[in-house]
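Labels run A, B, C and D following the written order; every chain starts at residue 1.
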């Protein structure tokens, strides 16, 4: 029993480390890609690892225990959420409601993070947080519409099962069966990851990097971990939902990277929108796509027999 | 035919005592007041005795002349409940008057007051439409004089308006009586009632219209109620309480005695005679009165005037209740009448206490009464909540019965009740507004109001009665039901009780 | 003594005692608390099926007024009285205004509502609850406003009651009885024959319930009333009194179960309509909430938004919908209570309800801060706190019917709730602490006990929802539905899934431990005061920068105004107000009939007579 | 332990985040340094928005006494390890403002400067050269200006106070104005 628990614990930490490594790597590659698009040489793709290491070795300031608690509370649920995500064929804690758990645990992480940065008492972080929340009110709605279509289509919330339903080649993937939904979720992903044109929350030149304004050293490190793991989780969900999961870890991250690559390309070429423009954007095209997808699924007979 | 002649004292004693009051007044002014209390106490307990020992219904026959030949008093359940009500309210107001002597001529005031109550009791108990006119004049004259009491000039104006409009009313009534007499040759209610269905003269309908119009003045129905706001506002508070708690009771009694017993048909629904549906007419008047009364009260800034308009509206509710014509409707009417006169009399008395402490009678002056006198605030609230028909208070059950009756009746009464309930929402607004002012808003001065015993007794008694009815509606429910039966069952309930040997039945 | 009667009589006696002794505040509070506790003890004596009837010689009918106990009423009674105990316990120490005797009357009415077996007692209790709460609302913090709030509530509430009264009599005239059960079964029997008639009756009843719960379009009174009610009463108002409407709906909703009526997406159409009312309420509440600066008003909006969730769930009268609705009703009671109690604790300390004047209070009131935090986490539906399970079940119930638009509305409301909760959280507790509040203290010992209890309850019922789901299952089966499967106290079983809340809790806790370890191991941090902040190089003291100037919380979501402007233009509130104003205007005009001129009165009387005669002549 | 420090220093040198305090004309040289021609991000150097996040404080140009105060405040808000780069002649000897009454002449009398970049203006190449130098110094453990500051705080403080005293009348005036406003 204890041994089993310890093994699970070790596996959990391993998954965390792996996700973090992948997330950071994606970040590094993203920086490199943007640099190349801008005809720069760019930092080495390992730059994010170096940055994180440095941050954890650097001094920092704390504004009180709520500040500390918030940062940890922003980190821990993210880590917990990872345990429910089927990564390739492997899931640490299989649960038949994994999808909703991941979504809500991620929200808890945002709540914790918000508590931490707001406890610093800097108005820039408050403005950033306000923007982040308003943006969330935008992208979560089409995201939810797509999730519901998937629920209706697959008749389950168990990610592993959703993956299993897509087995047997590209034509069985949900991206083929629900192309509009995929489109909507890919646009929502842009907002979730806070990439341009939806990077109002951390606009460095406007509001001094928004929520992160008071974060330095390990606090910023925790923020970076949260972002990287979040990146892994969010792309991971889309891979499991639409790209048929993966037989092994490498293909899984390859698929994730494809999604992230699209996000990065968009990020590299677009300027920043104003916050209310982006919120209302999400309520228009992506939401329309998401609802259309759901309606199509319902018409195809997606309503459950009660 | 049961007779119980000693009950003639009910009418005789107050009138006799009224005219002997100046004698007592020579001895002591205080004695005159106490005589009023004692007389009305006697009335009340006598009436209660009649009620509790189930002596009613009975006739009082004057000088062995059996009706329809002689004059008689008939005390049935309807009369009993109203006599108890009138004497109780009168008793309470007279106790209140022991304290509030600040309106001039105490002795004559006591005289007029007693005369008014006695006249009302006579009005309710008599079985003869011409005697009704006489008693109407007695109450009328005494009430004009009462309304003119008080230090303020507006009292005179109010009394004068009352006099003018009320005279029109009595004139119309007299015309109606005249027409009936010419057609049927009798003045006894029971006999008219028995014979009226055998006659098809259109003049009787005309008489009916005249009677409705004449009596609507006393019953405060629109458009014959112009006097109400000015008179109520002008008079001193005990007089307003008297007018609203006693005066209107007599008016309503006569109106529906005549409409239902005289012009009604046997059976459950008494409504038409000839081609004119008098009951519907009254229902229309009642609805108009409710709406106009409530809306006018809403716009008032003066609490006393607001109470006056609200009285008017409440009388409209009573009229609607009776006009439904069913047993349930009459029941609702009687019950509503009781609740209204108890609650409204109490509120006028409370206002009297408030005013006597130098606080104005505008809404703004009510601010923070809670901090000055929780007693007055709570009792005023009880009165308001009862008028609004909220549970635990008497008014709940009567409004409840009213809705039940209207919906049972169906047809256009569904709309009537919808209008009435909307008006009740309006009423709730202005009453709760006053209550709100009382409970909130710390006043500038928080001098405590010390309410002495004599005004406190009636206020407490009224409040207890309101809550008692609210919790045990049977207190009034049983006898009201009998009264409703008397009103709707014309022959069995009234005529045969008065004249068992009536021809043609 | 009969336990059922005791539930009514004890509060009334307590109320009388409290009214007499209200001069001695602490005694009054103690009586209130003890009465609630005593009433709770009597709850253990009641069982499903207990009946009590008495005959009332009234209305000339054989009027039977009765009390009965159903699983639903037991659930409601336990829930509301237990919350009342917590609240009155909290009020023992705090200075917040509250009239104990009225609260106890409300308790009696509340118990009666849940126990009444016939429509007359139901209406009686409903009205009793109405006026006692109206009087309670007078005497809030701000005098004129609280009067307005109470009047607004009174108008809506009395209007609703009258509509219900008409409904009761229309119904009972047909059935000849007032018993709730036989009336409902009568409605069931004629539903497919006369659907419009049934709809008419139902809408008369539902109007009353919607008003009481603040369902769109009758939500407008809620912020005025909750915002201005006395602090000690607001939690009761929003947590308990809003549930009466839910109870009312649950009386009538079963009638579409067996009937053959047209359906939309598998829902009987009356239910479908109600579902939309619920969803719209949820959205309207959330959207209006994040525009608020007054904290009580904000949570007033939040409150009816959650009622929208509950209504939407119970409108889907399937096992999962019903379970979700009742579960959310319980969770709402819990987290809303926790939130409001912490909010009134804060208000009593800082003396204002404007959030933009607060801030940074976490340093001064740590326990209150934590309770509030867990409360909003639960309100936002975040696992493993109470509130997650029910929200998730509501979504499942809706998805299972393919109600995509309503689901999206609800989800949007859920996200918007995240927005306003964060706003309140930030503006009250986070951010800069103003020097005005340097002397603010944490709540008293009694307050601490209350808050810890609520904190514990939020976590306890979050990770062990079975303690609530078990009674809910018995309610579901009492409606003749098959309850959801149960598998231990820690499971939430839904349509798609079953969630083991304990395992989530453990995973999150382990992650937290790991996070704190990591936090402690790596490079050390330096504690700095809150004034030491990034100010773009400016030294705050040189520029007289005070903490409150350095706090961004006023108009937190200003950019959203622009996007939501078209929706905010629709002013239901304005409709009701305009209606009231025009009634008042008409009143002013009507008053002019009584000019005070005796000639006019004479003309009126004579004119009336003439019209009568002419009318008589014509018909004659 | 020293190996660990070496490793840490190695990574620190590879990831230096810069807060640029652009007081004078020197700021114009930064955009070319950051963009595609010279691209300083390839050394792991990124501009940052706040002192909490930054490792390098880059001061581009002359410092009036008024701005000096802010520079010191910002420097103190940064957390160790932190380095200061003085950019242009102005930070070395006052440059063309050498005889101005309200411009300081030598930055390192007030805060410890790790590297000066001479020139008026220095070209981007020079800036990059300085960054690379700093990186080497960090990796060798030589750039310890922040420790010097802590050690000799009294000396720095005295120097700072001597000049900053001159700003107080002005700030007092402002205080009055804001109070009235």
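As a working rule, a residue touches a chain if its C-beta (ideal position, glycine included) is under 8 Å from a C-beta of that chain, and two chains touch if they have at least 3 such contacts.
Quick caveat, the model's predicted, so the values are computed rather than measured.
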item	value
Chain separated most widely from chain A, comparing mean CA positions	B
Contact-richer chain pair [A-C vs C-D]	A-C
Per-chain CA centroid nearest to the all-protein CA mean	C
Whole-Å gap separating chain A and chain C, where each centre is the average of the chain's CA atoms	35
Whole-Å separation of chain centres (CA-atom averages), chain A against chain B	78
Interchain centroid distance [CA atoms averaged], chain C/chain D, Å	58
Computed distance of Cα centres, chain C from chain B, in Å	43
Sites on chain B at which at least two other chains make contact	none
Multi-partner residues of chain D (at least 2 other chains)	50, 52, 77, 79
Multi-chain contact residues (two or more partners), chain C	526, 532, 534
Pairwise touch network: line, ring, star, complete, or other	other
Touching pairs among all chains present in the structure	A-C, A-D, B-C, C-D
Contact footprint of chain C on chain A as seen in their complex	9, 12-13, 56-64, 66, 68, 71-73, 75-77, 79-80, 83, 93, 95-97, 100-101, 104-105, 107-108, 111, 114-115, 118-124, 126-127, 129-131, 133-134, 136-137, 140-141, 144-145, 148-149, 151-152, 155-158, 208, 213-214, 217-219, 221-222, 274-276, 279-280, 283, 287, 291, 294-295, 298, 302-304, 306
Touching residues (chain side chain A, partner chain D) in the complex	31, 35, 38-44, 47, 50-51, 53-54, 57-61, 204-205, 208-209, 212-217, 220
Parts of chain D lying in touch with chain A, wherever the complex brings them together	8, 11-12, 14-15, 35-36, 39, 41-44, 47-50, 52-53, 55, 77, 79-81
Residue numbers on chain C that touch chain A, as the complex places them	265-266, 318, 359-360, 362-363, 369, 373, 377, 380-383, 388, 392, 395, 399-402, 404-405, 407-408, 411-412, 415-416, 418-419, 422-423, 425-426, 430-433, 494-500, 503-504, 507-508, 510-512, 514-516, 518-519, 522-528, 530, 532-534, 536, 547, 550-553, 556-557, 559-560, 562-563
Contacting residues of chain C [partner chain D, same complex]	526, 532, 534, 537-539, 542-544
